[in-house]
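Chain naming follows the written order as A, B, C, D, E and F, and within any one chain the residues start at number 1.
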Amino acid sequence: MLNKNIETFLDCDKDYETAEIIMFGAGFDSTTSFRPGARFAPNAIRSESYGIETYSPYQNKSLEDKKVMDSGDIELCIGDTTAVLEQIQNRAEGILSDNKIPLMIGGEHLVTLGMFRAVCKKYPDVHIIHFDAHADLREDYLGVKNSHACVLRRCWELVGDGRIHQFGIRSGDKSEFLFAESHTDMHPFGLGDVSDTVKKLAGKPVYFTLDLDVLDPSVFPGTGTPEPEGVSFAELRKAATEVCSNLNIVACDVNELSPHYDHSGISTAAACKIIREIILAID
Amino acid sequence: MLNKNIETFLDCDKDYETAEIIMFGAGFDSTTSFRPGARFAPNAIRSESYGIETYSPYQNKSLEDKKVMDSGDIELCIGDTTAVLEQIQNRAEGILSDNKIPLMIGGEHLVTLGMFRAVCKKYPDVHIIHFDAHADLREDYLGVKNSHACVLRRCWELVGDGRIHQFGIRSGDKSEFLFAESHTDMHPFGLGDVSDTVKKLAGKPVYFTLDLDVLDPSVFPGTGTPEPEGVSFAELRKAATEVCSNLNIVACDVNELSPHYDHSGISTAAACKIIREIILAID
Amino acid sequence: MLNKNIETFLDCDKDYETAEIIMFGAGFDSTTSFRPGARFAPNAIRSESYGIETYSPYQNKSLEDKKVMDSGDIELCIGDTTAVLEQIQNRAEGILSDNKIPLMIGGEHLVTLGMFRAVCKKYPDVHIIHFDAHADLREDYLGVKNSHACVLRRCWELVGDGRIHQFGIRSGDKSEFLFAESHTDMHPFGLGDVSDTVKKLAGKPVYFTLDLDVLDPSVFPGTGTPEPEGVSFAELRKAATEVCSNLNIVACDVNELSPHYDHSGISTAAACKIIREIILAID
Amino acid sequence: MLNKNIETFLDCDKDYETAEIIMFGAGFDSTTSFRPGARFAPNAIRSESYGIETYSPYQNKSLEDKKVMDSGDIELCIGDTTAVLEQIQNRAEGILSDNKIPLMIGGEHLVTLGMFRAVCKKYPDVHIIHFDAHADLREDYLGVKNSHACVLRRCWELVGDGRIHQFGIRSGDKSEFLFAESHTDMHPFGLGDVSDTVKKLAGKPVYFTLDLDVLDPSVFPGTGTPEPEGVSFAELRKAATEVCSNLNIVACDVNELSPHYDHSGISTAAACKIIREIILAID
Amino acid sequence: MLNKNIETFLDCDKDYETAEIIMFGAGFDSTTSFRPGARFAPNAIRSESYGIETYSPYQNKSLEDKKVMDSGDIELCIGDTTAVLEQIQNRAEGILSDNKIPLMIGGEHLVTLGMFRAVCKKYPDVHIIHFDAHADLREDYLGVKNSHACVLRRCWELVGDGRIHQFGIRSGDKSEFLFAESHTDMHPFGLGDVSDTVKKLAGKPVYFTLDLDVLDPSVFPGTGTPEPEGVSFAELRKAATEVCSNLNIVACDVNELSPHYDHSGISTAAACKIIREIILAID
Amino acid sequence: MLNKNIETFLDCDKDYETAEIIMFGAGFDSTTSFRPGARFAPNAIRSESYGIETYSPYQNKSLEDKKVMDSGDIELCIGDTTAVLEQIQNRAEGILSDNKIPLMIGGEHLVTLGMFRAVCKKYPDVHIIHFDAHADLREDYLGVKNSHACVLRRCWELVGDGRIHQFGIRSGDKSEFLFAESHTDMHPFGLGDVSDTVKKLAGKPVYFTLDLDVLDPSVFPGTGTPEPEGVSFAELRKAATEVCSNLNIVACDVNELSPHYDHSGISTAAACKIIREIILAID
């Protein structure tokens, strides 16, 4: 019998009916303001996941024991932002309606908007936990509203004040930090305050959106807009594990890996490992 | 007295009133289907032009003697294709209304559509000479009509049959080659037939659009969609010189350099040199 | 319904029963004497095939119309050369016994030995057409007999004099060229003599083994042992098409792409395009 | 009206009369002993500054509010070290005589000598605060006295003992460390002692020279001589901010970025961010 | 008199009779499961050692004062794992029989097995101190027993329980961690417990094997299998210095640098610096 | 017995007395106007020569049979151009006084001046055959006379009109081409006219200086100033072989490889192969 040529993220090869978590890739990067290429992230993450183990010594768990399906990438209408957001929303709605957890691999951060539209329809009381170097709270970017630089602002328009919890933010223009003072729960510079927020959100539905550039550029150089003085991998792993193992995660995304700036492969390795830890942590 | 920090392409530093050719950059790449990054081309071309001379021993002419202004880049609304095309069209209309020749540096090939809209308003009888590896004649690409893969099809809609002269084409789907049979003047694979076309178009207004991936990938690796078996630099230089020195060029663009795939810098050097030769050839 | 995450080479997604050509990857590179990494070639070729079209304007044929299955990669016992050669032989024997044509993507050139063992069992009168920069005729390399530098010598031991037809060879030690004078049909430096050989081998079973480093390093830098002064892509395409469309190809392999030295991607693009042309040419 | 093609560091586009800080580039690297290329730093810093914000959440200040002119690069006599040092000295003297603060972007570290000659003429009691991985205190390097490996020794010859305060030094030959014991105020390995020095130098004129290789190579790989076990970006930012906001900075330079070894761009991003913080900190 | 073209690691150019430590390279990487290329490490380490000093300010010692010979590389039978291990064993036995300390530069980690066979013949009571990201305790890897993923398991077979002390381990499959519980002295995740082990092993013969991927990938990207969340350079330097200056080191190896993934050179610089510190620490 | 750690170019390991050709490296690049790094060429050429054979099928000769010593690199006073030129001149004079042929590996092209000073002292009637993309005939470059852009002008000052034969030149400013009309024997653009010159110079002493950027950048990207539309490797090999096998070569240099821009290694491979062919051709 011949091998099947099915490449999935590590052992995430369960069938759809069995799976409780459904991964999919959304390789969109058309609004990237600086260095594009996040479109290649889902493919790179699958290929390079071969370099890490399915077992986590941190959690003493293994992906073989999890019910996860890597369902491949959406074939996106590159160049038409509106259509792309609809495609993502449709995919997420399908998964949510089957009472499964969508785990989206971007792509630039704007992809979050598509999935969050689906999530907040099903869970109107959802909170967002947002790890990022950038505030992403601009009203518009060079006149464009559906830009990766505005994505949390667009999400805020859907749910309003007090529902977005931002960590690790260390870059933005002054207006974004002012906006955050009134409208979001921003904890700039680090992830140290995550535990308090986790306690407060116990039991509530939570969307976890992870912009990997929250990591220090030394750990994660392969991204569109590297911002010095980020968090270490250990800090991210611990905070992400705490969020995902203690809260009711209803959807999750991991974005902004840009593999063509990752010449040494360490950024992709970091993406693979944090995705593994997130999956293992989600109950 | 202090230096001015004005970086221009080689010696293209005349003022607007004096200049007969106005260069500008249009660093757009949002519809790129494969590898993005053409947005960085105008900046790279300016920086790296330092490595070549202003004098051409081929034409025995020098850029110091030409009236050219490098007017910088348009700050584009990245992420909103419709708006970007309008911005480009506006810039080109301004230059054309002053009876100057716009020379646009892309960006991906879709930028041509913005400028061609301006050109065919002023010159309804304009012909296009198109050097490219790809036919760019699709009706749509994944449902998107304003895509770099469709740009000549969109131009054809503006001027109709017999006005687009394509050279060097060696890639496309079958439908594009069939479309070309009826609607464009396609000379696949090489640039050998350019002389005949130049004779036929004598005196007519001509828009010259140069997709640099017409070059062989060995000569021009730094592009979004490298297609093996292209033309040599000498073939391109001779054909472009013939077109520009013998015809009434009313507008011109050079596109699809993607500098982040040009690790050795040879693609950018090739772009700089062909732009120099084009400027020197335009009378 | 969800997308399937099946990545294949272009449209080579027929099922096994239907398919007449069965592709598979053999990502082995343990005997590489200089720069390893050919193990990554099958995966890179699948991923990057997205950048080329399924249609060939050279042959006016399209992969959609061919019965080809990309059956994925053999999971090889990296580090145990003997076992790896057996794994490859077994795979090839399975395909041959179903009267299909195996098309193997290496990997380093030694993989040919595994498949050729299977082929010459079924076709004892098989001839080899071998395109390469290197003669690969050493008796041993640093004492190792099963080395990529010896692979054609090992094949010769299976079939004897006059059955190996070598083209493009421009590197070897003196003993290899002397060996070739007596034992193989070597046409050094170029592919110009292919037509004569094609005529002579009409009707006979032919194994076509293509070491991509026959190409000039400017066209194909991403390989373990780049050897200057190779053939152009056009020369390779024409010769390979002539071989595959006129002869009775019973098996074929394409090897020695080393993607991690292919920073610009042009080598992988060349590999994809020549594989497309080979498939389209095989009747 | 057309855009002007003036590229400056972020918003440092005030005119000369208004500006209080005058930036200029000195892209010299001819004495580099290991990996050259610092010549490209000023250009890279300008281009890549687009990726960071003008606003600092650390200092709650913005570059728009600062009076800074980026006056471009000196066109240096590459290959003639003596002449280059004079060119730099002349530029610095002009700025200092207008009672403005020169901020020089190297180039290799030897450029400091040119500017320091100008500075210690105007401020004979000036102190140097020197952040670096290397002591730069050799009497000569392979017989050459005006070498980047000797630059602080040359500065010491101008001002004598007790005026050079060195931090972060973790590399040198034994003689340099012995020299430092008697002649400079060296604090090896880290930046922890900066606060004490800042207190002692209150009110005195200070030249701040920052060799960016004081950073750990993981944070700043793009430099001529990467030296493991450096300081983190946070440590550098805090120390540099303390120096520049509390002391009377009369001149400053930032050097030793070598962009062609910065494939991922993170070193250039770090350079841009620390320059922003330095400008914002200088009162 | 002409220069000799002898390239050695820094000043390790003593003759064999004088030398107490004998360096040699073993550039083998055929069993590497993910990214090969460690074969190039010895050469890269020699070439790039030019960028660091011979003097250590940490230990206040200099290589000029040490009796070390860099004896060059073994010319290995690439492709024949069994033969390669014998070649390494023979080289080590020669050095050990002259009562000198062999210091081997890999290559992948399997090279340790060759040298350890020699070492445990001479020192049957030898202990291993093992710094690594990976446990390397698999029974086999894809059916291959002599794989870099199994090397410590093979060493365990030679000496039995309680003799292997593992530090920094953060990756493996579940069976390896279970095996370690019963058979090795594993201290996962960091190097913090080294001091205790150093105390316990006082006076005993110790083989120190350093897989450089114990370092964080940000510090050491150039390796076959980068594993996020490793130790810092300072942590490694302190632990390695403690091991080598306090224990009876009878043999040592440093492995798994893969220079072709080290585009910026920082991994090679880290390798050079830690080798310098190890040599200086060995009494 | 232990291996010696002597790395030489291929088999060029004869002792000085025996050798008829003495290779040495001169890794100088301080006057490079664009991209430095030629200093790394001698080392790279030695390391990478491992990838080519000692036997040439073009000439049917082998390096084992030639009396050549690779004598290593001069340790140059980087940063002091005058001293460097003297060091090179001294080395060449020593070799010439022993009636051997010096073969210098640059470095940038200015190194030729040092060696040519020695050569024209011994051979006042020497001619220069110069292959290059650039004329190198400027009177000065930014005020610097000893610049790589002026090196043939400086040589001309030593020997006067009619003694410099230039081939392949395709770049320069207008004044250089005018200078060449009166003072040198320039054959621009290609190497086609070499045969005529070879006939004219029969029996005369000839210095052959090969700037490798005469090659097309596709073949030789790794150089400081890549200039499109160069010659192919075959053209260079044939012309260089004709020059070296038919003329009385008294000294030779090969320069302007800049390995850090040669990511794929093909430029270094080309340099190695042409050096092999030159050595084999020199009688």
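Basically, a residue touches a chain if its C-beta (ideal position, glycine included) is under 8 Å from a C-beta of that chain, and two chains touch if they have at least 3 such contacts.
The shown structure was predicted, so the numbers you read here are calculated from the model rather than taken from an experiment.
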Touching both chain B and chain D (chains): A, F
Superposing rotation of chain B relative to chain C, computed on C-alpha atoms, to nearest 5°: 120
Chain located farthest away, centre of chain F as origin (C-alpha): A
Chain located farthest away, centre of chain E as origin (C-alpha): B
Repeated interface matching E-F, over half of the contact pairs identical, chosen among B-D, D-F or B-C: B-D
Intercentroid distance (Cα basis), chain C paired with chain A, Å: 41
Between chain C and chain E, centroid-to-centroid distance (C-alpha), Å: 38
Whole-Å gap between the CA centroids of chain A and chain F: 55
Where chain A touches two or more other chains at once, by residue number: 35, 75, 216, 218-219, 261, 263
Contact pairs between chains, per stated definition: A-B, A-C, A-D, A-E, B-C, B-D, B-F, C-E, C-F, D-E, D-F, E-F
Chain E-facing residues of chain F, complex: 2-8, 16, 22, 24, 43, 46-47, 70-75, 91, 94
Residue numbers on chain E that touch chain D, as the complex places them: 50-55, 57, 62, 216, 218-219, 232-234, 237, 263-266, 269-270, 273-274
Chain C - residues contacting chain F, complex: 34-35, 169-174, 177, 188-189, 216-219, 221-222, 225-229, 261-264
Residue ranges of chain F touching chain D (in the complex, touch as defined): 29-33, 35-37, 39, 75-81, 83, 141-144, 146-147, 260-261
